[in-house]
Amino acid sequence: MSGTDNFEAVVQERRTEAVAEFHEDKTLIKRFQHALHTTPALVPMIVLIASIVLFGLLIGNRFFSAGTLTLILQQVQLVGIVAAAQTLVIMTAGIDLSVGAITVLCSVIMGQFAFRYGIPVPIAILCGLALGTALGTLNGWLVAVMKLPPFIVTLGTWQIILASNFLYSANETIRSQEIEAQAPLLQFFANTFKIGADENGRGGATFTYGVIFMILLVVVLAYALRQTAWGRHVYAVGDDPDAAQLSGVNVRGTLISVYALSGLICAFAGWALIGRIGSVSPTSGAELNIQSITAVVIGGISLFGGRGSIVGALFGALIVGVFSLGLRLLGADAQWTFFFIGVLIIVAVAVDQWIRKVAA
Amino acid sequence: MSGTDNFEAVVQERRTEAVAEFHEDKTLIKRFQHALHTTPALVPMIVLIASIVLFGLLIGNRFFSAGTLTLILQQVQLVGIVAAAQTLVIMTAGIDLSVGAITVLCSVIMGQFAFRYGIPVPIAILCGLALGTALGTLNGWLVAVMKLPPFIVTLGTWQIILASNFLYSANETIRSQEIEAQAPLLQFFANTFKIGADENGRGGATFTYGVIFMILLVVVLAYALRQTAWGRHVYAVGDDPDAAQLSGVNVRGTLISVYALSGLICAFAGWALIGRIGSVSPTSGAELNIQSITAVVIGGISLFGGRGSIVGALFGALIVGVFSLGLRLLGADAQWTFFFIGVLIIVAVAVDQWIRKVAA
Amino acid sequence: QEGTAACLITKTDTNPFFVKMKEGAEAKAAELGITLSSYAGKVDGDHESQVQAIETCIASGASGILIAASDTAAIVDSVQAARDAGLLVIALDTPLDPIDAADATFATDNFQAGLLIGQWAAATLGDAAADARIAMLDLSVAQPSVDVLRDQGFLTGFGIDTGDVNVIGDEEDPRIVGNDITSGNEEGGRRAMENLLAVNPDINVVYTINEPAAAGAYEALKAVGREADVLIVSVDGGCPGVQNVADGVIGATSQQYPLQMAALGIEAIAQYAADGTLPQPTEGKDFFDTGVTLITDAPVEGVESITSEEGKALCWG
Amino acid sequence: MAVEPLLKGRGLVKRYGKVVALDHCDFDLYPGEILAVIGDNGAGKSTLIKAVSGAVVPDEGEIFLEGRKVHFTKPTEARAAGIETVYQTLAMSPALSIADNMFMGRELRKPGIMGSVLRQLDRPRMERFAREKLTELGLMTIQNINQAVETLSGGQRQGVAVARAAAFGSKVIILDEPTAALGVKESRRVLELILDVRSRGIPIILISHNMPHVFEVADRIHVHRLGRRLCVIRPQNHTMSDAVAYMTGARVPDTEFETA
Amino acid sequence: MAVEPLLKGRGLVKRYGKVVALDHCDFDLYPGEILAVIGDNGAGKSTLIKAVSGAVVPDEGEIFLEGRKVHFTKPTEARAAGIETVYQTLAMSPALSIADNMFMGRELRKPGIMGSVLRQLDRPRMERFAREKLTELGLMTIQNINQAVETLSGGQRQGVAVARAAAFGSKVIILDEPTAALGVKESRRVLELILDVRSRGIPIILISHNMPHVFEVADRIHVHRLGRRLCVIRPQNHTMSDAVAYMTGARVPDTEFETA
């Protein structure tokens, strides 16, 4: 043993190394790989474009028209809105199985408050939005304060809310014509504006307010997640809640705010649901939780939290929409649609995984 | 700085401390707490007993008879069998959403192979069992080798298998009378033996072979998980797959074996399904995945893997069975049953969490 | 009648049709002093829950069961078990397979319901029926028997060769633009209509499995401004549906009578509990037909119908 | 001692189930000093500093900062009071960037309406600041300040954590085994940084198992044993052997405190 | 050198995306020696031993055990060949017991039909063996051999991992920073254990950042820098300062190898 010399002195003087500047790789492929890595929404975007092109080639003009393409937007608006809520929750490494139930209950509340009790429509809508937020907050409280696993909490509240929905609504439908006559505000999201329609208002690109709301929502949430402290906290909580807590994030508050916001978004989805189907029906939206999770998953968002972007979820919803309509136009049976969406889920995730590995 | 003396020498001689023997706390409450901690199935068992007593008091003899209590066993046999499969998967920190679909498809295959193609019944059954194992293996391969998240994989295969089920079966039901006449082996699990029945074979405790199979399955799996190397590996993989890999577990093999076994158990559940409903119906079992997850969750098994016991899942299934039948006998609306099961899920997990905290 | 208990088991308790059926049964049971317990499957096709419900009824010592079966063939074993245990089992709405598996059947003839709207649609179009463009909005991928009967009934009534009468979607007739599924609600109705419009924008006849699906389809047509020149036909006769006939949303609908089915069923059970008499089927049919009536405000020659005004008096929720 | 302790703990108790991690522990940190805390594995050192920094709430006992009683229930509260901590587990969000992590929980917002209404983060300012601090520390050669923390080596991560504490700590900086996983070069840098910080007048609590390091930089050494303070010694008056003997229980110290 | 290396690596390469963790690295371990591996954070030490122990498969290069070429694709294969490793991350299943963890992947089965057909584990025998090994090591005071590993302190866990390797390693034992998180007492015990194992004739590879420890126990020191072997020195011939200078790049060694 050569002793106890002050070996550490050797490194003592070298304290001058500057921070090296970052220089980007300049080759195209490297840049592309880098972009894939830093922009998680890129993979689903590519898949989306590829599937549009694919169906465009297979089907031709009937698919590749402004009308059909905007129809897809209309068909995915609900899933898109709910998937945005789902993304927020999944970003915190949670999952919200109650989204569909909250959506339906809120639409029923808006309708019944206006029709059964004669409450002024704007107030009825506010009540619905408030209820959604409250239910979301309840989920958040159970997750953040009682520290129960999100899957279990929302499995429970899903059943509770859905049962309440049927018990409260007594399965009564409020008809579209009545709503149109007495409470048109409930159908607000059904309003449209058209681009390139003929003189009768037919054809061309049709955007409903619901579609515009979905896009605005995604833009606003993308901004909030990337550009505000709250967004950074959502990622941090999903990444490692203990670390986030120790490094000064109010984990409990962040979690509750995420679930509450998810509830609020679902309540808006409930409002948009009325616009979409015209009437208020307690049996709608049963599939929204699986559909929203599917969209999120195809959108490349990690179920383990902390990664992914809300735009990805929108692309995910659109991919499913393109496939569903595309397969219908090709004349496939409904069963085949389910089959292919199942395949799509697995392939999308496998491709995502593979690209990341190659690009790493 | 007091220098570079050989300070480590101070501790050099003290190498004689013996391993302290473990002495148990002897007070009753401490022992109970310890038992709660080391026997995860104890909490659901207590809940189960409490709910039986509760409904017994509310309903009286009609509930508290051998016939009714064994009826509960018959009603939960499918969920119990599938929950056993689900438990294995969840123990590895996975989840299997395709259990219900595999169950139904296997029952359809057994029936259609026997009737549509006239294959000898035992071989048709073997084909069904083989198919279940193959589908499970496919799930396992996607999870273990392709390294895709289990939730996504089984979300995909669920849709694929269910669509295949409808496509293949052409929605045809094979009627009970035909099966009884031509292929009674398909209804094997419907055979019963009775204890304490009257001379007409009515009343008393009735055990179908399906119930007995469920109990045997749980016993065998509990043995395998606790007493064999494979069982230890399942826990280790669920706990920390990287650590398990480094410490010499064949993680890939273990995962595939778990999913394959889960598929095989589901195929048996498909066989038992024929026994339970008499006929082969492609629309059965749609709720099995949510029901099995509910049972597992109420049974106190962690969704994060590595913890919990298969007996807990059986208790979980029984708790749901007791509640459903009890509420039905009390004349509650179906929606109230869903409502209370939702509450039950949350309460069960909250109680579990709380007891663990107190007992820690 | 004191102490007599009866069970009502419906496919779901979320479909208004079954909700009304339950209300009818409850009202009659209260009138006769019978204790009624109601059960339902969680979703359409939830067969397991119905089996469990039958077992519960047997265990709870009821005198009879009214059941709207999800899987008409598969339920037969459980029904037999109940009959063996001495219960009267009456199939409501949907006959069992085989039909004599139940002690009696009080049902709508769903094929007839489809047939009526098919005939009405063909007659309304007149000569144009030869090159109609038809959208078929069915229930679900599982093709339960109501789905098949109404769909094939409509096609038969319209004069289209149905191929295998037990299978939806095997028709070759070019007038059919396509089939899509609706889950029997507005959302599914709208989506299916949009899909089929994308396949062929010239659709002018729309068959729908029920009135919520019809309402959804109407929204889709309205969105492209074609609501005025398309015939929508449907089945059910619920009050919102009849109102929709009055409002011109639906051209014609076949009304059925769940309240009556339930009330008749309860009466039969009460009768059976009192003196053991079994209910008798309608003349010439193997079940008690509770009837189906076409409702339209544009009656046609050769198809008997009532107006929406008359229909409203009979509608069920 | 006439000077009041800057940070003082009295009778702190923390139980984890059956384990008593802190057993009526006292604790004093004087202004401008480097206080080392040494002790066996599991002695309760980390629990002590967690109690002081708000990461765990002690079951009993009181904490005083500058003579005023404080009661932290969250790390944010202690941070707001000027106490910065580098935890043994580092507490970073792997998927977020270095700059994000440094400003976690105290993000800077853009000036004007973008910041106050739209609450937009001032990325350039945060990045500039983070880069400055890392350069100042000279602790590492980070290529890109927007790199995710998970792409850094263990040593680089530790560097970022230390830089964060040094940048924001205004009253006390606490470091829990900051050099455990570091190489010789990297450890050295951390020690220099500690001396730097002290020269700015900010007192430091340093937990370490590395006796030569402790004896090199500490002004006083708090010896922790079995969940409580056994004694406080000054490195001038004791050898490392003494310290190790006390902390392992091989020898009992004469007095609990000693003066310089 | 006449003796053949027991374990030999030639031209090992391992890339992680853009990072080259091993860059044509050579490696030799002779029978009965303690070989220390030192190097900066991120130099590739852990990757090297993972390549040697089957935990990662190198992209290029060859490994020889006792002169025969081997190709390990899993840790189990290396273990079957007699190479036991304590990884930096310890590799234990927190929820399982100490005995379960020690025998993970090589469980003992009951004799007779219970073992061969029913495949029942021989719990008593495994527990007895585990207890013996831990006592032999004297490294800790474990209360209960069936305790879950997650209830142990960091030091105790490290002890169990080392005991496992020492108990089963028949040809080579590899330790990756076994004392990083350990207290003075606990580190000492691990060093003694290393010397014990060598006295049984089994060679050891020790990765450590603790120079005094390395110079105390190592027969030869492999200096790792930028993913490859810079040189191998003998502690008798060099000072710690030399070693640190080599490993940080402050000085370039004269020769790659030296004789004793």
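As written, the chain order gives the labels A, B, C, D and E, with residue 1 at the start of each chain.
We adopt the following convention: a contact is a pair of C-beta atoms (placed from the backbone, for glycine too) under 8 Å apart; a residue touches a chain by one contact, two chains touch by 3 or more.
Note that the coordinates shown come from a computational prediction; the quantities given were computed from them, not determined experimentally.
Traced through touching neighbours, the fewest hops from subunit C to subunit E number 2. Averaging Cα atoms per chain gives one point for each, and the point farthest from that of subunit D is the centre of C. When the C-beta pairs in contact are tallied for A-D and for A-E, the bigger tally goes to A-D. On a Cα centroid basis, the chain most remote from subunit A in this structure is E.
Computed centre separation for the pair subunit B/subunit D is 47 angstrom, with centres defined by C-alpha atoms. Measuring from the averaged C-alpha position of subunit B to that of subunit C gives a distance of 37 Å. Put simply, the C-alpha centre of subunit A and that of subunit B have 32 angstrom between them.
Separating the centre of subunit B from that of subunit E, both taken as means of CA atoms, is a distance of 40 Å.
Across the assembly, subunit B contributes residues 4, 7-8, 11, 14, 163, 166, 333, 335, 338 that each touch 2 or more other chains.
In subunit C, the positions touching at least two other chains are 13, 43, 141. Under the contact definition stated at the top, the residues of subunit D that touch 2 or more other chains are 184-185, 187, 211, 244, 248. Listed by chain label, the pairs that touch are A-B, A-C, A-D, A-E, B-C, B-D, B-E, D-E. Across the interface of their complex, subunit D is touched by residues 7-8, 10-12, 14-22, 223, 227-230, 232-233, 235-236, 239-240, 242-250, 306-307 of subunit A. Of all the residues in subunit C, the ones that touch subunit B in their complex are 13, 35, 37-40, 42-43, 45-49, 51-53, 55-56, 59-61, 70-78, 85, 97, 141-144, 167. By the touch criterion stated above, subunit D contacts subunit E in their complex at residues 39-43, 153-156, 177, 180-187, 209, 211, 244, 247-248.
For subunit D in complex with subunit A, the touching residues are 55, 74-76, 79, 85, 87, 89-96, 100-101, 104-107, 109, 118-121, 131, 134-135, 138, 140-145, 184-185, 187-189, 192.
Contacts from subunit E toward subunit A in the complex involve residues 16-17, 211-212, 215-216, 235-241, 243-245, 248, 250.
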